[in-house]
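Letters A, B, C, D and E name the chains as they come in the text, with residue numbers starting at 1 for each one.
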């Protein structure tokens, strides 16, 4: 060998050092060796990408040995998860290699079973149908429902449908945005700056396991902070979730009564004068009593609080403890940068909108807007706009809002919107339906309705990796590449305070004959020709992404995901109004994006109140004028002409009980939740489905590991359990480990499901908490037939205002089917050694 | 039936991995001549066994490496002709591994050849002189052999250094 | 020579389960399936042990990520009849699967129930075996296994450090559980190095070791929850 | 009979009478006229054992998963039976050695059976840990790379020493009987010829045998005590609640002797019936043994009481959890069953003369054997089922394979006896004969030596 | 009681007897060597030092004693087998007592 071994080792040593040494040629080392040294072992490499198993879009680093992925870990530089990776993400490889993934397109035979077909045949058939719709001007008879995490795919799907002449596109998302529109005038869930807050009050949301980005919450509140200045958590909810147990303060409330507790807290803040007077005076509307155009005095939020929600009553309404309400209020008042976040079970009830309004009103009282550790609107992602195209005849406006179509609320609707699944289930006159990245037949309370509807639609095309419950009801199933096999993007998850765009790249070539749905759509457009082909000119989804993301580079905003040093530098520059110019050209930027796993922009536009509050008053509206207009409109269409009776009539049409005045309806207030089923039976329980950490996403449970640790916080996996408070269990004569059926007559299709009893001291009495995500049919392998799916038996109730389906809507009764089989499970009590 | 299967599996020409205690030599698909490449042409071991110094596995070169020179025949050797065929067909040469350690053993070439500066010959013998492919391990990587050498060289014999 | 140890800040732990999943993937644990789980044979090398104190609405819950605590005086090592489990030079309690005869005496002797047994041959449905971590050997039926402090990562780090002619840096070795923890609750390092993060945490007034009274001298420290 | 009778008339009538030819025929009947019963019984037992192995083959094929073991209850029937069988083995050699050592004359018809129990049961018991191994094919590791620090290895050496000692101890007194069989022409001749070692009952041979027996007799007692002490150490050397106890050594030894005597009684009663040995195994033997059994029962209770009282009084969380797991928890039935079987039934039955009959003793002994088995179960499972950490307590439901191997173990025990009885006399002919010849005189002599010395013989200054 | 006739031991059985004595010694010495081997092994592996090794060391003399006693018996029986017809059973014992 020409060089000394010792030298070679030095060469191997540094990463930066190696480059300089190698290139300056001090050692007579063959070029190939230098290359190897740079590349490291050469057989093993790490690739950054984005996890695609749930809507969060955490960054992952894939470890490849001999080009086979053998390990996933969180990308430590990704701003969302900072190296953390939830169990579902960890299971990514098991999902990738899941034995029952679809190997190729399937086509339904006339008699109902599926047969394997090729992409060629499948796409030809679909393109023919699309072509027919296009030529006959019947684009409206097509619809697209998806749940893909990325905004860019949504754009592509919308354009696809617009080009076809249809407005029927909907994206299933987690939280409804309506409350934020009513109070803040924005059409998005705002960001909550968990990373800078010192106290987070979580209303109904199990912040550390649920929500769009739980790992972000953990890393922002705990992981990336010193022990001294980490954020405390206060949790209001009915379940003893891991988040609740980790909260500094926990307030157990009956399901659906969060608003009462929150308003009680607001009462204390106002009564003790410990709210942000400055902010309330300058930036809010409807706090004090006010006089409308007609000169009538209207109820202010302050008076409503003081009259109605004194702690005793708030506690009584929510079944909680008044002292705790006061304690929490004072704690919030003491905190420097508190923020209130609402979600989960609190937004899954018939009163969800008002509950969210109440929780958000706390943010206003605390002056939590536009300050570090408060409510923020992440900056818009500067994507390259889609090139203009001439829409097909009869196509709606391109902006996507205000369109009519099946996914818009019908004109006679009392609510603002309609749940897309329900809309689809009720739609007739559809010829073609595309479903992608979503499994409503399984996870929506309207799933069984939808299943029937799918039978009516002549051509249902499902993009799916598995022959899951929804795909099984389709006519053509197109296999989808998983996140490790394809180019994909993910955009800022709901509730995150900065904008982020994750880029997922293929790290292995697709194991099976699968494609990204975007690629399939582009191919379909090409084949269908006409307006479709011109509207979607991209050769591949990758090319589409590349073009759209070019805007990030040219805007000069944000930066490619990088280490903390570069981050603070970008921050420094941008806060001073300088642009951090990405180096290099288009290709270099693209490669940087792919290599690092995405782009982000942590900088927020401060002081832009017009952006923050886009209501008609330009302020935060405690009293929602838009809601008033809506209610009045309802009354007017029912025949009332005067404002006040119209309002009253409008409220009545929602089927609510308002005690004080009609004004209350437009203010955050407590509205008792509607619960259906089992009448007033004393032993009836409120069914509260929840999503455990292990149940994120739709296909995670294809992993045996995930099934095995499904119930890891409370018990072992492979079963659905029901959490009952000890007194509830005692009353029902149930013990830990007993197998029960939960029955209701509220659901039109199925009435019972099975679970194993888990006694949870600290859970609220009278509630039955059940995990979603199990009881699958169609994922194949390990998951099928494991556990049961509570969604099957839910009553079809909706949020009165937003129209979103409510999952906390059902009362059930439990029947013991089998006593605990195994002897001697010991209740875990007592301290440690 | 089973016996016949077992016999086939253990026969010199079986494509399956073979235990190293078999008395016969393992047959390679091409009679590779180390001597020509190393002694006459002056290649270093790592020129072909690319990762011997940098990685856990030294790797056995295959057509990607061989194609650098043997895209077209350099000699009239019938053995080379086989290789050229493989390259032309884009097919991997089904080399047979001679040295293998069980799954529960972690053996790193880098740790030995690079960090420990052990010459290849110590374990692989005077391979440069071989005109035929190696049919049997020069030195069998058994635990006793490993531990003996570790003992002599002062390397640790702690179990978890090698067992994972 | 390093003496590897771990400190887990229970105040930071949010019970998210990432450590369990990461360990499962890193160390090629095979799921045992519903029947075996019903038989109480499911296993994890690290698991969240959940303790509920009190039985009313004010019950408090405490999550403790529990793993092999790598005792300095390990009861399991004392009883192994075949040197299949032993205390390594760097303080890791090794488990040599190829040596283990499966008598399960170490399991019976371990006060922390850290050891688990392969009751059947682990199964890898479909092509799942492909994704197994090549650094960790796959176990077979009839042997005991347990947390190894990801000693394969220690080996890699040591190799890298030797190649660069230096000592292993603090924080260079990160076991899979610590790596995946979004709350940064788990810190790993050299307990003999007074400068290391882990020894700093081990000196914390909140630090305790599980069942110290047994005299096993564990090298996993827990930091008591505050408040 | 040529020995001069020194029996004094006041000591009662001479009980001595010769062992008749018919007596010997009866004693050797099992060897000389095995009959078809032997074949039938052997076949049945072999079939049972084969059945057990057929069940067990599943464990060999698939691993220990076919048992009911799990996390945290990693030990179950195999270990329970191991301890149980080894415990039973204390019946024999230990009792026979103690009785011989103490010159208890009534021992003569008993010792052989006791020793056979030891050897047979020890072999069965010692095999159980092998059944319990996850990888039995790696057994060799114990020999190539064993750790003497491990209590399991102490067991290996201690049990093998005990096995060797008790085999020798069984064999040596057997030699004259083998010679008898050899001389009576029993088949296979070569076997008896080989095993008789030229025994011709010469004084020199008797001297050799007696001396060797005396050495073994003394040697075997500490070994036997050590064996069960060491077995208790398997548990006591760990830190587990319910196991980590200093009295475990003696507790196990007492329990072992207790169960051993009970098993011996069962065996004696059964064989007495089967081989019509009523004339040799008389009520008096059972009466003596049952008193011993009663004492052991009380002793056992004393140990159990001390063991649980300390756990209860100390109220250490881990200990108390195990305590209540047994007292009121899932193991209440085995626990209280054990107390009833080991204490209540025997104490009641054996205390009253009216119930201290052969059937009564049989019932008590069977109860004790069951009770002691339950005791082993109560020791092994509850401690494992209650982890120190806040984990749910475990459960253990043995599988068919484990039951099969249990039944198979019992059948092997029976088979051992049957086969032994087929080839060797179950009651030592030689010792009986020796007893007849010398016991009366020796006993009288001995008794005389206890009596106050006669005035004329007193070691005074007066001389004759 | 009739005295059964004595049969001369065939030579092959005598050989077998010698072999079995040898086997016993092989076994016992084997065990002793094994125990010593294990002690040395634990020393080389720097195993947990433990006085408990003593328990196994005790086994060695036990085995040796056992084997010695057996050998003594076997040798003694063979030596003492010279048929001196003059001695009856009872006389033998009586004579011994002197």
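The rule is simple: a residue touches a chain if its C-beta (ideal position, glycine included) is under 8 Å from a C-beta of that chain, and two chains touch if they have at least 3 such contacts.
Worth saying up front: this structure is predicted, and the values here are computed from it rather than measured.
Listing every chain that touches chain B and chain E alike gives C. Shared contact partners of chain A and chain B, listed by label: C.
Remark: among chain pairs C-E and D-E, D-E carries the greater number of C-beta contacts. Core chain by CA centroid proximity to the global CA centroid: C.
Taking the CA centroid of chain A as reference, the farthest chain centroid is that of E. For the pair chain A and chain E, the distance between mean C-alpha positions equals 82 Å. Rounded to a whole number, the gap between the C-alpha centres of chain C and chain D is 45 angstrom. Separating the CA-averaged centres of chain B and chain C is a span of 36 Å.
Chain A and chain C have Cα centroids separated by 33 Å. Residue positions 145-147, 149, 151, 153, 388-391, 394-395 of chain D each touch two or more of the other chains. The residues of chain A that reach two or more other chains are 9, 12, 822, 828, 830, 832-833, listed in rising order.
Taken residue by residue, chain C touches two or more other chains at 40, 42, 50-51, 64, 78, 83, 86, 163, 210-211, whereas all remaining positions touch fewer.
Chain A contributes residues 1, 5, 8-9, 12, 30, 32-33, 36-37, 40-44 to its touches with chain B in the complex.
Chain A contributes residues 9-10, 12-14, 65, 68-74, 81-87, 90-91, 93-94, 96-100, 208-209, 214-215, 218-219, 222-224, 227, 230, 240, 242-243, 245-246, 248, 252, 511, 693-694, 704-709, 712-714, 716-719, 725-726, 760-762, 764, 781-782, 786, 822, 827-833 to its touches with chain C in the complex. Listed in rising order, the residues of chain D touching chain E in the complex are 1-3, 18-21, 24, 143, 145-149, 151, 153-154, 157-158, 160-161, 164-165, 168, 172, 175, 180, 182-184, 189-190, 193-194, 197-209, 211-212, 215-216, 219, 223, 226, 230, 437-438. Interface of chain E with chain D (complex): residues 1-2, 4-7, 9-10, 13, 16-17, 31, 34-35, 38-39, 41-42, 47-48, 50, 52-53, 55-56, 58-59, 62-63, 65-66, 69-70, 72-74, 76-84, 87-96.
Only residues 44, 46-47, 50-51, 53-57, 59, 110, 114-115, 117 of chain B touch chain A when the two sit together in their complex.
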